[in-house]
Each structure stands twice: as structure tokens, then as C-alpha cells.
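In what comes next, subunit A is part of two complexes: it sits with subunit B in the first one and with subunit C in the second one.
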Partner chain A sequence: MILYIAMILLMILLSPLVLSFIKMLKMFLLYKKPISIFQGYRDFSKLLSKEIIISKETSQITHIAPYLVLSPLLLTLFFLPPVSSGEYYVSFVDAFTITGLISLSTFFLMLLGLDSASSFGGLGSSREAFISALVEPAMILTLFSVSMMANNLGVGQAGLNLSKHFPYEHMASFIFAGISFFILLVAENGRIPVDNPETHLELTMVHEAMILDLSGFYLALIESASSIKFMIFASLFASLFLPFGLDLPVVLAIGVFILKIFFIAFLVAILEVNTAKLRLFKVPNLLGIAIVFSFLSLITFYVLGA
Partner chain B sequence: MTSFLIGLFLATLITALFTMRLYRLILWYSLNSLSLALLAITIGFHIGDNSMIVSGFFTLLLKAIFIPYILKRISLRFSLSRQIEPNIPVYYSIMLIPALLVFTFYLAEPITNMLSSNANYVAISISSLFLSLLLMIEHKNIAPKIIGFLSIENSLFLLGTIATNGMPMLIELGIFFDLLMAIVVINLLFKQEEEVKE
Partner chain C sequence: MFVFDNLSILFLFLILLGVVPNLFYSFGYLPHIKRKAYYLIHYFAFITSMAGVVVAGNALLFLFFWELMSLTSWQLILSDIEGKSTIKAARFYFFMTHFGFMFLLLFFLIVTDGDLGISFLEMKSIAANFAYPSILFFFVILGLLSKAGAVPMHVWLPYAHPAAPSPVSALMSGVMLKIAIYGMFRFLFDILGTWQVEWGVLILIMGAISSLIGVLYALSEHDIKALLANHSIENIGIILMGFGMGMIFSSLHLPKLSSFAFVAALFHTFNHMSFKSLLFMGAGSVLHQTGTKNMEKYGGLIKSMPITAFTFLLASISISALPPTNGFLSEWMVFQSLLASSSIDSVTLKLAIPFSIFALALTGGLAIACFVKVFGIEFLGLHRSVNAKHAHEVNGLMKMGMILMSLVVVSLMLFAPFFIKLFDGAIKGLSGTTIYTQIFPNIWSLHSINNNGGVVSPLILLIALIVITAALYLVFRSLNIKQRVFHTWACGYNATPRSQYSATGFAGPIRRFFTWLYDPKEHFEKEVISEHKTKFIDASFSVHVEPLFQRFIYEGAVKLTNKISYFVYRLAHFEQSRYAAMIFNMLLSILFSYRIFVHQFSWATLALESVVMIISVKVLLLGEKR
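Entry: the complex of A and B
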């Protein structure tokens, strides 16, 4: 139980580090002078000391929404698969709950964008709705097919089962699910082929457009929510698609887990440097590939058993 | 391991169906052939069949390296258009491809009932045959059509490898020779298209 709580705290603490790591790696690969890996923490503490300025057009939603964006994601952290095999975990939470909690957070983010009635906010919200509507079916299908392969619908139990009896005979459908989930990881976190997190250009903004009006503590909440969201996806990917190293001693298992997270961050950074941002109306094509692969993984598993 | 490589084979083929750039398509074809070659080599080592290992190495050299390189050079020389928009819009493909896969999985069921080993993989290779046909159908330009033709050849090789534990060496070599002839013909076709353009 102590390990369970400690792991959740560790994930929360590590999440800004992972995003700064991606940024640092990207700047290094583009021959820029890289930022410090601790920049995420610095930004957070800077935002904490700033005052909160809110447009007078806004309603009560702006005061509530930042907390409600963060809290479903914090709740999701409790339901993730265990990092080490001796750890406590919640076994009964399935794909619907995790996807639902993540989209609840996205829903409040969209409300926040609409609330201040600026033109950018509405634009960002509509784009986010458009993307997340396509992400959800693929995500549910992918998580379901992986948990079916692991013989348990609960995601936490599935992660443990996968590490104990890896389904070598279902490797083909496992790969399809992996490809699909990686596309979802990129799409849902607003990384480059879908959304560029670093620009404030109106043509490309999705996530940034919604939070343009925020400042101070609320902005810090939203920023940490987005880094925790990346952490959730990365840790789901690590425990469902790279299921090894759970049986090691606890400290080593946690070390392996952190290495896996940084490996995923490395992959995302490489992808970001090597691809151009897609036009918004090409994004459904990418997510369509994700849906095709997730469906394919399910039917390959069911019909062929391969 | 076999399952892993077959998964990669189908995955690269499906990604090729959604590709809109010519060089990217050639890259996917090359990766497709690479997974096929590794598959043939693994199965060859597994069942101790030397001729299959040899044909796997031929696949690696010829289809994964030589043919993509030649295709890229030819397309550079004749300055073919690098944007290849499929005739079938992507949102139809999203529905069409899973439907095709389900159809072929059930279509292959009588065949897979006859086989004892690797029955699942036969269904996958038949479905990849249909997907490469779709790749030929959905493009107007000549270059993607040729890639579709080469992918059909790949899927047939996969079917031969999986279903019969390796065709006779002579047939494999004959197919490779045919493929080289096909590349020569393709060269002529490209030239023809170039003249038509002018």
C-alpha cells in the first residue's frame, strides 16, 4: 500500500520532468541550446507566484474548471497497472472507466475554452472536441483488445497478467494494438503530427487556444494536468505494451519503469523532430489509421486467435 | 516470433494503403519486404530448410534493398509526381479495410480447416493479398499501382512460405527472375508515361 501511494506521488513528481525531457531532446536535435531538464518545475513555481487575472466576461466555470480538469486525471493515476508485481493495484477498472475519466477532463477543458467567449477559445474547443471524438473509440477498442489478450478486462490486472504470461501466440494482434495506442498517445497529448504545443499561431493551436485566457495558479493547474496526462498514457503504454521487469526487486522494477517512460518520451521526441504537423483536416486520417489498427487487433484476436 | 513478423507485414501493408507520398510508400514497401525476408529466414531456421533461408536472403537483398532503390531512382529520373492521392477517400478506406479483413478472415476459414499448422497465418496472407489489390485499385498513378503489384507478389510469397512450408527452390528463383523482368517492363512503362506527359 505504501508503495502504491509512493508510486502515484512519484508519477506526479516525474511528469513535468518527462515533458521537459522531450523539449530538451527536441532542442538538442534541432541544434538549439537545450533548456534545462528541470524547466517544468521552474515554470510551475513561477506560475504559482503570479497573480490570477480573469476576464470579467467569465462565469463561475473558469474558477471551477481547472480543478475539474486536473482531478479526473489524478483519479486515473490510482487505476493504472502496477509497476512491481508485489504492489497493490485496483483490478476491476476497465477500459471504459479510464477512457471516460480522461474524456471528463477533456470536457472541462473544452468548457474552460468556451467560457471566456474569446474567439480563440471556441476555436480550440471545437478542434479538441473533433479530435477527442475520434480518439475515444480507438482507445476503448485498443485497451479492450489488450485486456482480452491478458484474459482479464480490468486494466490493472491485465498489466500484471501480461508480464506473467506474455501472449506470444497473439503477437500479431498485440502489435496492431501497440501501433494504435502509440498514435493515440501522440494525438491525445497534442504532440506534433496533431498539435504543436509550442506555438501560439492561430492556425495550429488546439490545446494552447483553450488556455490562452488563464494565468497564475489556474494555468499551473492546467499545465500540470497536461503533463500528468502524458504520464498516464506513457505509463499505460509501458505497462501494457512493454510488460517486462515487474518481477525484479522493487527498486529495480521502479527504475526499469522510469527507463521505459523515458524511452517512450524519446520515441515521441524523435517522431516530433522527424514529422511535420498535419493539416487539421488530415488529422482524421491519422486517427482513422488508429481506429483501423485497433479494430484489426480485436478481430485478429477473435477470429484468428493470432 | 513468426506471429510478430506477420503482424509487422500486415501493419506495413495497411499503413501503405493510407500513404499519400510516393517515397514514403516505397519505404513502406521496403519494410514490408524486410519483415517478409526475416520471416522466411526465421521459419527456414526453425524447420531446418536451407532453400528457404536462401530465398529469404534473396528477398532481403532484392525486394527490401534493390527494388526500392531502383524504383526511387526511376521515379527521380522521370520526375514522377510525388503526391499520390488515392481515388477512394480515406474515410471510406477506414470502413472498407476492416470490412475486407473480416470478409477474408471468414473466407479463408475452409482453407484453414484443412491445414494443421499455421492456419491463422494463411488467413492473414490471403487478406494481405486482397489489401494489395486494394492498393492497386485505389490509385490512379502508375507508380503506386506497381507497388501494389509487387505487394501482391509479396503476399503470394508469404502464402507459399506459410501454407506449404516453402515452395521448391526452383520456383522461388523463377519468381525472383520474373520480378526483375517486371522491373525492366516498369522502366519502359514509366518512359511511356513520360512521353504521354510531354
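Entry: the complex of A and C
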């Protein structure tokens, strides 16, 4: 139980570091002078000490939504698969609930975009609604097909089962699901082929456009929400698609887990440096690939049993 | 005469839950209705007839109350006539509801053997001896699902619901559609008894297509009530998916799984009643304050109408199936019953089910997009018209209605175990299997019935969300942060109502992605300055989406009927002998088909009768070529 709480705290603490790591790596690869890996923490503490500027046009939603963007994601952290096999974990929560909690957070984020009466906010919300509507079916299908391979619909239990019996006999559908989930990881976290987290240019913005009118504490909440969201996806990928190292001694297991997270962050950084951002109407093609792979994964598992 | 078993009482309870808040709302709305006595008479007759349908114990009473329900709701649509479109909508509704009624009548004439007074139990034995049970099944689904609004019999909904006064739309969408679901349960269990696996697959596929079509057309809609009506199609689709899975499992002899799926369908029936009534009430309040149904004319209403806005937000979250609301719970159950299909052997069935899972998941995603659009454009931002600027909160009775209905939504979430116990009781009365103790071992968590299935605990999710949010808020309070109010930054310009996103713009990317389905008619006009393409004084853009089904099936059917009737007209008009011959041939064909239909079928007699028919038509009707 203590390990469980400690792991959740560790994930919350690590999450800004991971995003800063991606940014640092990208700058390094582009021959820029890299930012410090601790930049995320600095930004956070600075935002906490600043005053909040509320736009005159907004309503109560601006005061409510930032909390409800963050709290479902924090709740999701409690339901993730265990990091080491001795750890306490919530076994029963299934893919639909996890997707639902993430969507709840996105729902309030989109409302936040529409609340400030600026055209940027609406633009971001509209694009986010479009992307997340297509992400949701792929996400549910992928997680369900993995958890069926693991012979348990609960995601936590599925992660553990996969590490014990790696599904060699379902390798085809496992790989399909893995490809699909990686695309979703990129799409849901607004990384480069789908959205560029660094620019503030109206042609490319999705996530940044919705939060343009936030400042201070509320912005800190939203920023930590996006880093925790990356952490959730990365750790789901680590536990479901790289299911090894759970049986090591606890400290080593945690170390392996953190290495896996940074490996995923490394992959994302490499992908970001090597691809250009897609036009908005090309994004469905990418998500279509994710949907098709998740569909294929479920069908191969269902029908062929492979 | 009347039945009062668990199913009837359950649906009486549904009507009660739907009607009591609606009464408050309706009396609050009354000052704005011109023909008050007319409205009230039909309103109460409508409620009575709905209660009558669910307790009717024989065919005659069922048909009587069913027809009374159709006629009173038809008159209620006409109680506030706003021009020709209302009359057209009412006529369309009248036609569709009698289209369904005709099939119900045929169904009952067959299963009662002509004696409309016998009970459902006696009908079951007659139905069991009938040679073609699939025909009975098709009569049932054509009769009932045209009322429930499943694809392809859904076309009347987006016309009829917006035309009715708002309390009536809430009742029609919230309660009346569910009466058709009651009919599905009653007829399939009590009259048809056993069913074939294909029927379940058909219902499942109809459900999957309805849910997708409903949400996609809802997204392209700007008329708020038509949008909600399209969402009714979506939710009926979700209910039918649960129902279809129940039928599939039942015909595969998996009683527990089948009960679980039927409970899911019933739960979603209740949930849809609660949040859809609430949404229609909220839409009615907004419509009443701003005087328009066009979403582009709303905006910023949360400041002037907080109670409407927050109850509407609750219903939006619930209908988007976001945890921990009641809408999420029932969709979760439908998902679980779809996933329980991994134990089925048949490969074709196994292929149909991932498609349904996909349809349900995509529906969920699109519903979120749609309700962000509705809530965001309607209540957030700046007012987009003068009327929206001067809107204020509605009167006490209407507020009372909305608050009561949101209490129903919340109690369906909080007291889910209690409600599921009721549903389980109703299903037990029909199929004899109880699963309550398996899905609710304790009141905290809802278990799936299949092996290694998921678990969801609505109360724990809700409490955890509240605790985490409260903790974050306490952090905020303890930091003692200063606040300052300033304008929205709009690149140096002022943020004006016209610079905001519109509902059309919001749905733009999705509309563009699904162009093949919508086939939108776009009108773009601009007044340019001295022939510069990019510099213009004034521009207008509008999109109109006409439903595909309406264009192909309905208008095609109208054209075909016109052609046939023109042919008949040319053949027999002003020629009495031919006219008589036509009647004779018609009688002959009816007698022959009755014989085939009711008695045993054999190819020899069919061939003989066809020859007789052809000769008779040729000799008597067509005659020699002129």
C-alpha cells in the first residue's frame, strides 16, 4: 500500500521531468542550446507565485474547469497497472472507465476553450473535439483487445497477467495493438505529427489555443494535467506493451519502469524531430491507421485467435 | 384486462419519473401557450394514454391506448403553430405513426386469431403455432421501432420533436419513445417467446447504425431541438444494442449474459428518459427566453440563466457517457455485454460484434464533441444576438421542473443498485433469470457478468473525484493568490460576439471528414471590394445538410407510389369494367396470399395460383394491346 501511494507520488513528481526531457532532447538534436531538464519544475513554481488574470468575458466555467481537467487524470493514476509484482494495485478498472476519465478531462478543457469568447479558444476546441472523437474508438478497441489477450478486462490485472504470461500465441494482434496505441499516445498528448506543443501559431495550435486565456494557478493546473496525461499514456504503454521487469526486486523494478518511461519519451522526441506536423485534415489518416490497427487487432484475436 | 406485472410497474415508474418534473415545467410554460384548454386536455390525455399502454392486458386496449397516444401527441405538436413547417412536421408524424400502427394491427390480427380480447398468454400459444414467426417479428419491429425512431424509420423525429412545445418534446422524446421499448420487451418475451439468433443480430445492427447516424446528424444540426431529437435516435440505438445482445445470448442459451444485456438496455432506457427530458427542458427554457431555436443566436447564457445552464451541463455530461454519471454506467454495461461475446462460437457473429463495439465507441467520442458544441455555443462566450443579451432566468415552476429532473439524473447515478434491482426484477419476471447478486455483490461496485470482466464503482469514482477536486481547491485557497479581471486577449482587437466560433464552424472539421455522408449544400456569398478576391465588406456562409435516408428511401418511395398510382389511373380511370376487374384481381390475390400465408406452403399450389393470377390479370385487366 505504501509502495502504491509512493508510486503515484513518484509519477506525479516525474511527469514534468519527462516533458522537459523530450524538449531538451529535441533542442539538442536540432543543434540548439538545450534547456535544463528541470525547466518544468521552474515553470510550475513560477506559475504558482503569479497572480491570476481572469478574462472579463468568461463565466464560472473558467473557475471550475481547470480543477476538473486535472482531477480525473489524477484519479486515473490510481488505476494504472502495477510497477512491480508485489505492489498493491487496483485490478478491476477497465478500459472504458479509463478512457471515460480521460474524456471527462478533455470535455472540460474544450469548454474552457469556448468560455473566453476568443476565436482562438473556439478553434482549439473544435480541432480537439474532432481529434478526440476519432481517438476514442481506437483507444477503447486497443485497450480492450490487449486486456482480452491478458484474459482480464481490468487494465491493472491485465498488466500483471501480461508480464506473467507474455501472449506469444497472440503476437499478431499484440503488435497491431502496440502500433495503434503508440499513435494514440502521440495524438492524445498533442505531440508533433498531430499538434505542435511549442508554437503559438493559429495554423498549428490545438491544445495551446484552448488555454491561451489562462494564467497563474489555473495555467499551472492545466500544464500539470498535460504532463500527467503523458505520464498515464507512457506508463500504460510501458505496462501493457513492454511487460517485463516486474519480478525484479522492488527498487530495480521501479528503476526499470522509469527507464521504460524515458525510453518512450526518447522515441517520441525522435519522432518529433523527424516528422513534420500534419495538416489538420491529414490527421484523420493517421488516426484512421490507429483505428484500423486496433480493429485488426481485435478481429485477429477474436476470429483467428492469433 | 390489465396487467400489473413487474415490467408494467417498472414502466409506470418510468412514466412517473418522467411526468412529475414535466408537470411543473409544463405549468410554468403554460402562459406562453395560446390555446391553454386545448393544450391541457391533450397533455393529460397523452399522459393517461402512455400509462394505459403499459398496463393494457389485451390487444384491443393496447391498440386503443397506442392510437390515443399517437393522436394526442400529434395534436400537441399542432398546439403552437408557427407556420407551414409545423403542419408539415405534424403530417409527417401522423403518417409515420400510422405506418407503425398498421403493422401492429396486422401483428395482433394474426396472433389473436381475430379475437382481440384475449390475454398475452393465450396469444403466445397462437403465435407458437404460426408458420412464419419471422414475419411476426418483422411486424413487431416495423410497428414499434417506427415509433422508437430506429434507423431507417427515424426520419420523422428531427421534424416532429422541434415542432412541439418544449414540455411536450421532453415527454415525447423522454417517455413516449420508451413506450415502444416497453412494447419490444412485452411482445418479444410474452408473445413470441422463443426467437432466432438472426433477429438479435438484426436488432444489434439496427442499433449500431442508429447510434452512429443519430450522432452524426446531430453534429451537423444548428436547430437545438432537432439536434436533441437526433440524439434520441442515437440513444435508442444504444438501447437496441443492449437489447440485441440480450436476444443473441438468449437464443444461444446463455441466460445470465442475456439478462445482463437486457438490464443494460433497461438501465439506458431510464437514463435516456432522465437526461433527455432535462436537455429538452433546458432547450425549451433557452428557446423561450431568446425566441429562437437557432444555436448561432445564443451565447453567454450561463451568466443570465445559471440554473438552466448547470442542469444542462449535468445532462450533457451524462449523455456523453462520461464517468461517473448514470449515462456512463449504462453504456459501460452495454460495452461489457458486447465484450462478453468472446465465448460465442459462431465466426460471423464474432465479426459483427467488433463492428458494434467500434460503432458504440465512435458514438461516444462524437457525442462528446456534439455536447461540447451545444453547451459551449449556447451558454459560454458572448451573446450572439440581442435576444440572448436580454435573456434572464425562467420562472420558478420551470426552474423547479429542471431541478427535479436533475435530481432524477443524480439519483439514477447514486442509487444505481436500487434501480438495477428493479430492472433485474422485471427481467426475472420475463425470463426467469436473476443476476442482481452477481452484478452487485455489495452496493459499492457494479460487476460485469462475464468471466474476468470489468468492475466499475460509480460511488467510489464520484467520491474520489470530489475529494481530489476539493484538495486542489484547498491548495488554491491556501496559496492566497491575487486575481485580476481583464479583457480577453484577441490580438489587439476587442473580443466581439462576431469573432467567436460559431456552431457551424465548430462542427466544421467533422462535417468535412464525413462529407461523403452529409453531402452538405454550402452557400457562400461575399461582397468584394473592387474585384479583389480577398477583400470584402460583407460575407455570409451557410450550410444545409439533408438527411441521406430521407432523400433516398422516403422521397424515392413517394416517387414510386406516384408512378404506380399514375399507372393504375391510366389503366382504369373512367372504365368501369376494368375498375371492377381490378377489384376482382385484388380480392383474388389477397385470398391466394392469405392461403399461402396461413396454411401450408407448397410450390405446386404457388405455381398454379400464379398462373391463375397472371391469366386473370391479362384477360380481365390489361386486355388486348390497343
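The definition used in the following text is that the second predicted complex is superposed on the first by the 306 of 306 C-alpha atoms of A that agree within 3 Å, B and C clash if a C-alpha of one lies under 4 Å from a C-alpha of the other, contacts with A are read in each partner's own complex, and residues count from 1 in each chain.
The rule we apply is simple: a residue touches a chain if its C-beta (ideal position, glycine included) is under 8 Å from a C-beta of that chain, and two chains touch if they have at least 3 such contacts.
Note that the structure is a prediction, hence the values are computed from the model and not measured.
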item: Partner chain(s) touched by A:F176 [first = subunit B, second = subunit C, both, neither]; value: first
item: Which superposed partner A:V303 touches (first subunit B, second subunit C, both, neither); value: both
item: Which superposed partner A:T97 touches (first subunit B, second subunit C, both, neither); value: second
item: More subunit A residues in contact - subunit B or subunit C; value: C
item: Touched partner set for A:G122, first subunit B, second subunit C, both or neither; value: second
item: Partner chain(s) touched by A:L77 [first = subunit B, second = subunit C, both, neither]; value: neither
item: First, second, both or neither for A:L14, with subunit B first and subunit C second; value: neither
item: First (subunit B), second (subunit C), both or neither touched by A:V292; value: first
item: Touched partner set for A:P284, first subunit B, second subunit C, both or neither; value: both
item: A:L236 touches, of subunit B and subunit C: first, second, both or neither?; value: neither
item: Subunit C-contacting residues of subunit A that also contact subunit B; value: 284, 291, 295, 299, 303
item: Touching residues (chain side subunit A, partner subunit B) in the complex; value: 168-176, 179, 284-285, 288-289, 291-293, 295-296, 299-300, 303-306
item: Touching residues on subunit A, where the partner in the complex is subunit C; value: 48, 50-61, 67-68, 70-72, 74-75, 78, 92-97, 100-101, 103-104, 106-107, 110-111, 113-123, 125-127, 129-130, 132-137, 139-141, 144, 148, 151-154, 157, 212-213, 216-217, 221, 280-281, 284, 291, 295, 298-299, 302-303
item: Footprint of subunit A on subunit B - complex, ascending; value: 1, 3-4, 6-8, 10-11, 14-15, 18, 90-91, 93-94, 97-98, 101-102, 105-106, 120-121, 123-124
item: Subunit A-touching residues of subunit C, taken from the complex the two chains share; value: 300, 302-303, 306, 317, 320-323, 328, 331-332, 335-336, 339, 342, 347, 350-351, 353-354, 357-358, 361-362, 364-366, 368-369, 371-373, 375-377, 379-382, 445, 448, 452-456, 461, 464-465, 468-469, 472-473, 476, 479, 481-490, 495, 497, 499-501, 505-510, 512-513
